[in-house]
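Note that the chains are named A, B, C, D, E, F, G, H, I, J, K and L in the order they appear, and that numbering of residues resets to 1 at the start of each chain.
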């Protein structure tokens, strides 16, 4: 792996933090090739009427650049 | 959302980190109205006899103040 | 608890972050006695072909020293 | 100043960051006596249609406790 | 807001920090759609002959990705 | 310990940092029940005429919430 | 710019944060030549009777050393 | 320099950290115009059979946007 | 001092923070030779019935490795 | 207090951390007028033959500049 | 790589930072098997009579545990 | 070493980061006696036409004060 870029995204899920990570990587894979890893920077939940409505993650995604 | 307060709590669960978040928000909702979000600051586990006995989260809860 | 040591490990799982925590504590328990807690420092995922192949955690494990 | 408490709030203004600080302190003064200072932790703007709609600050407010 | 990207920019103004924020968001809006917020990371001033010649901000801009 | 709150205070003493911690916890105990621990975040001294006039600590106090 | 020194100051203003930056740079220019920039590290306000009495900044000032 | 973007990359070299920085900037220059600076965020080495096989840097690259 | 290792411990005392540091270094000296220094990372107190029952420090201990 | 400078020193004592703070402020007072406060940044101990030989503090000292 | 440990060392060289990294990894390889990487945490130089006498690095070394 | 001061400088070199450290210490030695060490805080490169034109370091220099 010679040179890689790191890009930051946030994504959310009504199910769980891990589903939010999965959603984010799937969306990123539509436009970025060769994603290698993601580092979870932050985890937050949105609350409505005293209950969790959304799990949200902020993450840094690393993908290898083509030569 | 004009002015909101942020308060810090820790909560625990024998099941999972997400259940600990849920327990904390439910307990906080007993005394705080209008909770909007929670930011997970730390995640720890308590271990007994080599097995996880408790999932614990420290989080910052944001709730809107009434005018 | 008079004096405790803190050691840093990383562990992984193909299932979930919580399973990675569990795997790490089980492996550490083979050589360390009296583990009391673990603090999750970092969470990353490894990605292959646009899908998560591995959940990885970096954590600090605290264990009490015998006198 | 013997003992003081520190509480965290966020507040917003459509005008400027300094107006957001001012709004937050005025609102906090309704319920807290003896506010001495505020430390600006974060500054964010909300954007709508390419223009700033809201200036938002997160701050830590210190107020002295009565004996 | 399902998935959003976060991008980092710096921008400057000879007038004020808030004008630097405004300039940066206007420039970013030329190429990025659906900007939702910006977080001010750093504020610096450039000095020439003992006077401020430029207000500069570094900020993280969040914009929602189209599906 | 199911759910606990964390609150931030500063306190001072003319004697020592440890006395400042003690003063802060005694004052906090007047209004908070079930204090379990305090984490010392910052230590400062006030100086007058080249001599220390006050030892000051900023700390985060954790107390368990009643059910 | 071969070698530069960085010095830390705090300054205040009753008007605004930007005026506090300006006051600090003007005062520093009395004794330091060749100031090139200042990085705003912290922003606080002093509050009296529920109103802001002082805007205060802590900043790092960079100035080039003569050969 | 009115508005600049900051992008994060990692790059590697079998020779040295400075060669890794050089490789990364050369690769980035293929797609980004007007690169002005790079800030080295992290330095790591990969080890194989007790010897360093790769020097790796993570850096933030600043480039000026065309008007 | 060619190569040194750094290890993290926590230790406690019912007397003071400095006694906790002393206890930790004495315990560490039983198994580690050539301890050179310790850096205090965190200071906490345990509270029981509104009074401090334990002073606790987390520290990083540096010791030189034999050749 | 219009404009103040902040300078960083380390000082040591064979007695205690507080004595190290005191020694540092006394030494600084020989050359700096109007010292107002000191913020303790780091605390380390030097160890010789398994015993603490020196308490060392790193601190930031704030002193007011004459007009 | 299922479970890995992370250990912290400092090492030095009279030649360069990269030689200090190399020295540290060679020394660590005497007692640790399966070292995979090292992360450079800090770089310092020791100075004698106005000249650099020693390059020193603090690094975190990751090595895989045998099953 | 009883009391030492810490001062921050930045220095640059067209050759390498280590040469920048060396240049900075040599320049500092013209006005500061008894420099003991320097801690590298930041490393940046300046880029012109896609090539590195300058290696720059920001460092904290510690020097012992005469009694």
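Everything that follows uses one rule, which is that contacts are C-beta pairs under 8 Å (C-beta built on N, C-alpha and C of every residue); 3 or more make two chains touch, one makes a residue touch a chain.
Small disclaimer: the values here were computed from a predicted structure and weren't measured.
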{"item": "Chains contacting each of subunit B and subunit L, listed by label", "value": "none"}
{"item": "Mutual neighbours - chains that touch subunit F and subunit H alike", "value": "none"}
{"item": "Cα superposition angle of subunit B on its copy subunit F, in degrees to the nearest 5", "value": "120"}
{"item": "CA centroid of subunit C to CA centroid of subunit J, Å", "value": "39"}
{"item": "Interchain centroid distance [CA atoms averaged], subunit H/subunit K, Å", "value": "22"}
{"item": "Numbers and ranges of subunit J residues touching at least 2 other chains", "value": "7, 17"}
{"item": "Contacting chain pairs - touch in the sense defined above", "value": "A-B, A-C, A-E, A-H, B-C, B-D, B-F, C-I, C-K, D-E, D-F, D-G, E-G, E-H, F-I, F-J, G-J, G-L, H-K, H-L, I-J, I-K, J-L, K-L"}
{"item": "Contacting residues of subunit D [partner subunit G, same complex]", "value": "17-18, 21-22, 25-26, 29, 35-40"}
{"item": "In the complex, subunit K residues that touch subunit L", "value": "16-17, 42-47, 50-52, 55"}
{"item": "Complex contacts: residues of subunit K adjacent to subunit C", "value": "1-7, 60, 62, 65"}
{"item": "Residue numbers on subunit G that touch subunit J, as the complex places them", "value": "7-12, 23-24, 27-28, 58"}
